[in-house]
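What follows is a set of structures for review.
Each of the two complexes below includes chain A, the first together with chain B, the second together with chain C.
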Partner chain A sequence: MGYLYTQIARFFETSMLSVGVHITTSIAGIFFFGFPVAFSFGAYALVILIKNGFTLWIAFIITILLSVLLGLIFSLLYRRLSNDGFAVFTFASVLAFDSLIKSWDSLTGGVLGISGISRPSFARTLVALVILQGILAICVFIFEYTLLQSPFGRALRAHNESKIFLDATGIPASGIGSFAITLAVVLSALAGILAIWRIQFLDPSFGGIAILLQILTIGILAMKPKVSGLILSVLCIVLLPEILRFFPFPSSIMGHLRILFYSVLLIVLVKQLSTRYTSKKRFI
Partner chain B sequence: MIVQLLIYSFIAGTQVLILALGLFTIYSVSKVQHLALGGIAAAVAYAFYFASHDAALPLWGLIAVPLLVAILLGIISFWLNESFTKRQEYLLALLVSFSFGVALEAIISIVFGTDGKSLISGVSSVVSYGDYQIPLSGIFIIGFGAICALISLFVVKFTSFGRTLKAIAENSFSATSIGINERKIRLIIYIAVCIVAGGIGILSGLNTALTPMMGFNLIIMAFIALLVGGVTDVRGTIIASYIVALVPEFIVGIVPNISSNWKMVLVFLIAFVVLIVKPEGLIANKQRKA
Partner chain C sequence: MENKKTILAVEDLHVQIGQRMILHEISFSVTLGEIVGIIGPNGCGKTTLLNTLSGFLPVETGTISFNGEDIMHLEPYVRARLGVSRGFQHVGVFRDMTVEENLMIAIERAEKLPWWWKFSSTKREHVSRIIDAVLADVDLFSHKKSLAGILSGGQLRLLELTRLRLLKGNLLLIDEPTAGVSPILKNKLSDIIKKLVREHGHTAIIVEHDLKFLFDLADRIIVLVDGEKYMEGTPSEIRGDERLKKVYLGE
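And now, the complex of A and B:
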């Protein structure tokens, strides 16, 4: 049963991360690669604050506020850089954050990481944690559904179509993009907190390229602005690589096979599905 | 000590510069940020390792195997990105390129394992000049950079291919309208840049151990140099390549209790500050908008 609960927990954690990628990449057309940074940042911030004597709730609030700040920093970059420059620079932030965690070992534990992370009293067992994650994931899905139905959701779609047109209608495109990025960062940090309560051990491998690939694949698969499509995509992408467990591959290559699977899948999806969902450009 | 740091910085900067110029060339002709170039550099370096250690091939094999791998990966990169270049969906091309790079690194990890592989046995040689030391691999990198620069200069300045290249970089639609086959030019550029990146992968393997993730670390430095320098002017890329190598090298070398792991963080912070102040890069061509 432990395996089943773990997979359900992974589904809920990935769902929260994926709402961020759905809002930014799939709907608003912002290629933001900093999700693993936000995911790790949330987990590290909470654990470090608790280790330094803060109570759970105070640490949680500070973590969320810090993740808002991180989101605003990414937003500042988004306002200043070109689209592809922003994508590359946020990808560079993943490697820079990894180096920071490894280098600042007095704070982060370096490559050895931080062990003995305890779950909160209201989610002491894995079952209780899964229930908590489920409730939060449902809340996030309802929030996204409401958001997509609102004028803000329409502005997000317009952002993908034409920023100039959006500006012409009196809605600042950079403001819409900044809000989407900040929201995605906060949701990723929240997913990181929930994931660390499940794993109870934190090291530099916690957030990384594997997570980025996974959620970008979900983002491309769920290109349409529909929450149901997103849920199905998360279900497929989280569970599909589990098939690899039934093959007699050595455990040392399982992680790499999973990454290879996601990367090939992402290439195939982008090549095959992009023409169906992206807006057609008219050349004169 | 400062002169020694300058020597190391110059070698590191030249390495970044060669890759950044490759990225600059691909960007000029296709407007694609080719993130997979790091993975390609790593794959070619591992192909060299396979030829020299596992297969123990003679000299022709040491040249042919990595060269073939570089050409093959160049063709695959072109095939993956070309449809997006045509449709002007550059961000999707970036996404595919990123996935291709990750796939290459996963394949390397599966085939060769994640432990470091050394291209040379024992300690790498150094050339001493007075109190100063220059690693032999560094001399190779500077030599390789000089050869690449001379060939590029000759091709761009004195050949019809170079003029064609400039025409595509300036305006690809106009270039096509006068009968230039930009698809063929792009294919050649992808292959040439992959060969050069592979050369850098092999040369960096002479200095440090090969690891599957080495490609992303190499290419991110080059991308940062490209962004900081400005993607429209090659002079900016040259200056920025040496800045992103020099400043962290000096900080780590002079400030006590800072390990070399901080270099990437410092590079990122420098780039962040520069890009916030000058988002178009240090040197950017002025473009007139209608």
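And now, the complex of A and C:
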């Protein structure tokens, strides 16, 4: 049963992480690749704060506030940089954050990481944690559904087509983009917190290119502004690689096979769906 | 003589893109309820002028005031909120959204609807009634649920004008409304623009290459040549001018 609960938990964690990519990349057309940074940041911030004597709730609130700040920094750069420049910057931030974690031994435990992370008292067992994650994931899905039905949801879709046309209707395109990025960062940080409560061990491999590959694949699969499409995409991407377990591969290469699977799927999807992601050349 | 309020005043406008000065010493004003046409050869700066007025291009020197307020340094979305509405050469509708959703964006902003309006049946009915009425006016009712991207060039223009009407701006900046539009739709576009100005109290600046369309529609014409204001007058004055025939029509 432990395996089943772990897969359900992975589904809920990935769902929360994917709502961010759905809002920014799939719907608003913002090439933001900083999700692994926010995912790791949330986990590290909470664990470090608790290790330094903060109570769980205080640490949780501070972590969310810090992730809002991180989101605002990304938003500021989004306003200042071109679309291509922003994409490159956010991709580079994943590598930079990884280096920072590895080199700041005294705070992050370096490459050895931080072990013995305990779960909160209200989610001490894996089952209780899965229930908590499920409740939060449902809340996040309802939130996204409401958001997509609201004027903000329509503005996000309009942002994908043309920032100029959006500005011309009196809606600030840069404000819409900034809000989407900040929201995505906070949701990713929350997903990181929930994931670390399951794994109970934190090291630099926690967030990275593998996570980015996975959620970008989900983002491309769920390109329509529908929550149901996102849920199906997450199910598909989280569970499909599990089929590999039924093949007689050595366990040492299973992790690599999963990354290979996501990479190949991402290439196929990008090739098939690239026209939807090519910027529309419209002039004023 | 009726003394009408000046809604837009442009003084000594210079616009530079890179090293090239695109507009030099442009000055003109537009009064409330007026339709001003802008014509000129390709590359003379007509669209640049509209982009500058709507805030998408920075001004080198000069002043732009709208309703007596200096709008020179305001962002495009702020100008739009103040009432400077913009129609684009390549039609500024969102093609991946439905016709209905394109209009909802305008209604939401113009009527300051709360974010939760879609969850209220009363507000949904109210918005639906507005959309049905305006779409019926332009014969697009049957396309209400269609993606805007499937509409023809003329229908897209009608949709854009309908959205401009719903945005309730005071000043409409419309760039080449008849581009790719059939003659019968041109008449309809002309009627809609006249209706917007005469009945709904808008003022319009229209950039256009179809002189017949513009001369029948506009109260005043400004001719731009090489980024400068070449001449200005009523359609009848401009139509009979020998200089225009030389620089624009090549006669």
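Everything that follows uses one rule, which is that the second predicted complex is superposed on the first by the 273 of 284 C-alpha atoms of A that agree within 3 Å, B and C clash if a C-alpha of one lies under 4 Å from a C-alpha of the other, contacts with A are read in each partner's own complex, and residues count from 1 in each chain.
Heads up, the rule we're going with is that a contact is a pair of C-beta atoms (placed from the backbone, for glycine too) under 8 Å apart; a residue touches a chain by one contact, two chains touch by 3 or more.
From a predicted model like this one, the values you see are computed outputs, not experimental measurements.
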{"item": "Touching partner for A:E161 - first (chain B), second (chain C), both, neither", "value": "second"}
{"item": "Partner chain(s) touched by A:P151 [first = chain B, second = chain C, both, neither]", "value": "second"}
{"item": "Partner chain(s) touched by A:F89 [first = chain B, second = chain C, both, neither]", "value": "first"}
{"item": "Touching partner for A:I171 - first (chain B), second (chain C), both, neither", "value": "second"}
{"item": "In the superposition, chain B vs chain C on chain A residues touched", "value": "B"}
{"item": "Chain A positions touched by chain B in one structure and by chain C in the second", "value": "none"}
{"item": "Interfacial residue positions of chain A with respect to chain C in the complex", "value": "146, 149-152, 154-155, 157-158, 160-162, 164-173, 282-284"}
{"item": "Interface residues, chain A side, partner chain B - complex", "value": "29, 31, 33, 76-77, 80-85, 87-89, 91-93, 95-96, 99-100, 102-103, 209, 213, 216, 220, 252-253, 256-257, 259-260, 262-264, 266-267, 270-271, 274-275, 278, 281"}
{"item": "Interface residues, chain C side, partner chain A - complex", "value": "47, 51, 54-56, 75-77, 80-81, 85-86, 88-90, 92-97, 101, 104-106, 108-109, 113, 115-116, 118-119, 163, 167, 175"}
{"item": "Contact set on chain B toward chain A in their complex", "value": "33, 35, 80, 83-84, 87-92, 94-96, 98-100, 102-103, 105-107, 109-110, 113, 216-217, 220, 223-224, 227, 231, 259, 261-265, 267-268, 271-272, 275-276, 279"}
